[in-house]
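Across the two complexes that follow, subunit A remains constant while its partner is subunit B and subsequently subunit C.
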Partner chain A sequence: MIKVIQPGLQTTVQDLGRIGHYEVGMPPSGAMDTYALKVSNLLVGNDEDAAGLEITYMGPKLKFEADTLIAITGGEIPPKINDEPAGMWETLSVKAGDVLSFDFVKSGARAYLAVQGGIDVPEIMGSRSTYTLIGIGGLEGRALKEDDELKIASDKNVNVKAGRKIDEDLIPKYSKEHDIRVVMGLCSYRLTEESKDEFLSTEWQVTPDANRVGYRFKGAKMDFVEREQPFGAGSDPSNVTDQGYPIGSIQIPGGIEPIALLNDAVTGGGYVTVATIISTDLDRMAQVKSGEKVKFVAVDIEESLKARKEMKDKLDEIRKQLA
Partner chain B sequence: MMSNSIKVMAPIPGVFYRRPSPDEDVYVNEGDEVKEGDIIGLVEVMKSFHELKAEASGVIDAFKVEDEGMLEAGQEIAVINQK
Partner chain C sequence: MTRYEYGGDEFIFVELSEEMTLQANFKAKAITEELRKRDLTGIVDICPGNASYMIRFMPEDIHPDELIELLKQLEEEVSWKEMTIQSRIVDVPIFFDDPWTHEVLMRFRDNHQDPESTDLDYAARINGYDSKEELIKAMTDAPYLVSMIGFVPGLPWCYQMVPQDRQIEVPKYVRPRTFTPERAFGFGGAFAVIYPVEGAGGYQLFGTAAAPIFENEQKNKDFKDEITFPRQGDIFRYRSITREEYDEIREKVEAGQFEYLIKDFSYKPQDVLEDPDAFSEDVIRRLYK
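Right, the complex of A and B next:
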């Protein structure tokens, strides 16, 4: 059992998401930085899709009521055990009565806490992930609150010891300026050539409206090519006939303030989606804070598949190092 | 007597507000006395408001961020002079 002394700003139970229900309008939820969650799970000997805690900007204060192993990965929100600094990206041992707390965030935006065995909450549609907008998954469908108690599951896991680490070069670094790779489309044809160029050359600033649903940016006004309003589309130039929104797709309602749709977002609608963040860089988006700068870098499908393969190789390397 | 100054830092990024709502007065002015735990401002991020509390009792020496200014995590917001 883990007792929540302070919940942090927004701490939720997440696994790798509620996959396979997108067509009925159910977004996947799940860890926004999947690499970090997977590595934290591997460090404590869990299956990589076990449920852990996603910690946003400000860490919780948690009391462990049994001896166990934990690992904290992702954005640098420096952990402390009984007020003593503890390492990230390594297997830590905690004893019954130990209190885990966190310092102010140093870099990145989200840290992930894995506990040996995983967090035990009911599976809803095949996942333990919290989807707060409709209140399902996780702990009662919401972020953690003071005095909550989290049960620890005994999901299949291998025996590991404290002190295990991964190589330094497998640990991502997060700065305040972020290059996020995108594949242009599905509706980039709606932008003028000038706006298409400007979309890629602008340093977009992340507004305070940036959460698990989506990130809203400020930086430039986008113009659309003239057209006759198609059947079924809204009258604004940024409207198209309703379509499915890819996860990571970037829409620009009214040509101002693009929004990148993320894990808890609406699954379809009638706004132009001018580009889609490649899957590996969704992990990096998870580590972008409000106020930071993002540049979108256009790549083709081949390059995005290469990035995905590199990510897979990295995880294979980590599995090998920890075996 | 020497006074000790305490910096109030932003624990999270977001927009800094010195008032509880647009038509209300500021929580505290520079020169005002505050007690540890008093609310001195709000930070808005992810569509929620986080209360900023004085970390020590004393007098607000200065605010280092403008009302409705953008904060970075770890940024200095105010200085409190302890008596």
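Right, the complex of A and C next:
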């Protein structure tokens, strides 16, 4: 059992998401940085899709009621055990009565805490991930609050010891300027050629409107190819006949402020989408903060598959190192 | 011309038509159902849309270009006009011009095209109706096809089964609202929707549905198996109700004793396309007989 002394800014239970229900409008939720969650689970001997805590900007204060192993990965929100600095990206031992707290965020935006056995909350539609908009998953469908108690699943008997680490070069570094790779397409035919170029050359600033639902950016005005609006679409040039939005797609309502749709986003609607963030770089988006700069870099489908393969190889390497 | 587009490395988006048509909707349904039947490894989600559809897949199992080739082949092969659609006709009671959406739409007047009017009066005027009562009559006379599900869990996009010259069309709010009440009945573009839960929204607000379309607690009969009610391909008949009936239905819902009036029904796309008016009459007769 873990007792929540302070909840932090936005701390939620997340696994790898509620997959396969997009058709009824159910977004995946789940850890925004899947690489970090997987590695934290592997470090404590869990299956990589076990539920952990996603910690945003400001960490919680947690008291452990039993001896266990934990690992903290992702954005650098420096952890402390009983006020003593503790390492990230390594297996840590905690004793009953120990208190885990965090310093201010140094780089990145989200850290992940895995506990041996995984956080034990009911599975809803195949996942323990929190989706606050409709209040399902996680702990009562909401972020943690003071005095909550988290149960730990105890069906783990993997023999893992504290002190395990992964190689330094497998630990991502997060700066304040981010290159995020996208595949152009969807309804990008609606943008003028000049605006397509400008979309890729602009240094977009992340607005305060940046959370698990999506990130909104400021930086340039996009223009659309003139047309008579098709029947059913609506009258604004940025309107299309309502359609599905891929996870990671970027829409531009009114041509003004692009929005990247992330884990808890709407699954469809009537605004034009022009590009999709590739799956590996969704992990990087999770580590972007309000006020930072993002450049969208166009890649073709083969490059996106290559990036995907590299990510898979990295995780295989980590599994090997920890075996 | 159909557009086949990558949505990153895990999605293919296929736009069959830029404008909304029943033909495009039925075609998307036929292609996605055929793909579902093939039961291919690596297909994660199959999402039929209004005039488009979207597939989520794992590229380790199926290369995106291979999937596009297959989808193009399906587009050529499916005989969507002759397919049989297994559907449900559902009576959906709506309290139009209700106090709750009225309060919200007045609060967000500055976000609207016509701050001096109300959403119903504005929509009646731009669609050539003399009064909001006439608009409500037109919206409830003919049934709607549930042409897509999404936005948030269970939200049905509904497209009225009338010839295009009688379709009601309204713009979305100039700037979206930050609040929409739960079960609000809205209209945007050529689509009617019910908002399952409260949240942001940009559709014109006309009323409130008495019964839920999303129920987390799963206490009413229609939610025992799924927390969402609408299914793509359903036929909804929106029926205008009084405050009195609204309150009666709410009591039943709260007590866990509400049940939608549903009739199972199968039809072919050509039945609708050849004579939408006769089709609508038939649907309504079957629902209430």
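Criterion: the second predicted complex is superposed on the first by the 320 of 323 C-alpha atoms of A that agree within 3 Å, B and C clash if a C-alpha of one lies under 4 Å from a C-alpha of the other, contacts with A are read in each partner's own complex, and residues count from 1 in each chain.
We take it that contacts are C-beta pairs under 8 Å (C-beta built on N, C-alpha and C of every residue); 3 or more make two chains touch, one makes a residue touch a chain.
Quantities reported herein were computed from a predicted structural model and do not represent experimental measurements.
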**Message:** Contacts for A:Gly244 in the overlay, against subunit B (first) and subunit C (second): which applies, first, second, both or neither?
**Reply:** second
**subunit B versus subunit C as contact partner of A:Ser235, first or second or both or neither** = second
**Message:** In the overlaid three-chain picture, which partner chain does A:Met26 touch, first (subunit B) or second (subunit C), both, or neither?
**Reply:** second
**Request:** Please work out whether A:Lys95 is in contact with subunit B alone, subunit C alone, both, or neither, and reply first, second, both or neither.
**Result:** neither
**Prompt:** After superposition on the shared chain, which partner residues are touched by A:Leu9: those of subunit B (first), subunit C (second), both, or neither?
**Reply:** first
**Request:** Tell me which partner A:Tyr57 touches in the superposition: subunit B (first), subunit C (second), both or neither.
**Result:** first
**Complete:** Partner touching more residues of subunit A, subunit B vs subunit C, is chain C
**Message:** Can you tell me which positions in subunit C touch subunit A when the two form their complex?
**Reply:** 3, 5-11, 13, 15, 17-21, 44-54, 56, 59-60, 63-65, 148-155, 157, 159, 164, 167, 169, 171-172, 176, 188-191, 196-197, 199, 214, 216, 226-228, 232
**Complete:** The subunit B residues in contact with subunit A across the complex are 9, 11-15, 44-48, 50, 70-74
**Request:** Could you pull out which subunit A residues touch subunit C in their complex?
**Result:** 19-26, 133-136, 141, 182-183, 185-187, 189, 230-236, 239-244, 246-249, 253, 266-270, 276-279, 301, 304-305, 307-308, 312
**Request:** Using the touch rule from the top, collect the residues of subunit A that touch subunit B in their complex.
**Result:** 9-10, 56-58, 104-106, 176, 208-211, 289-292
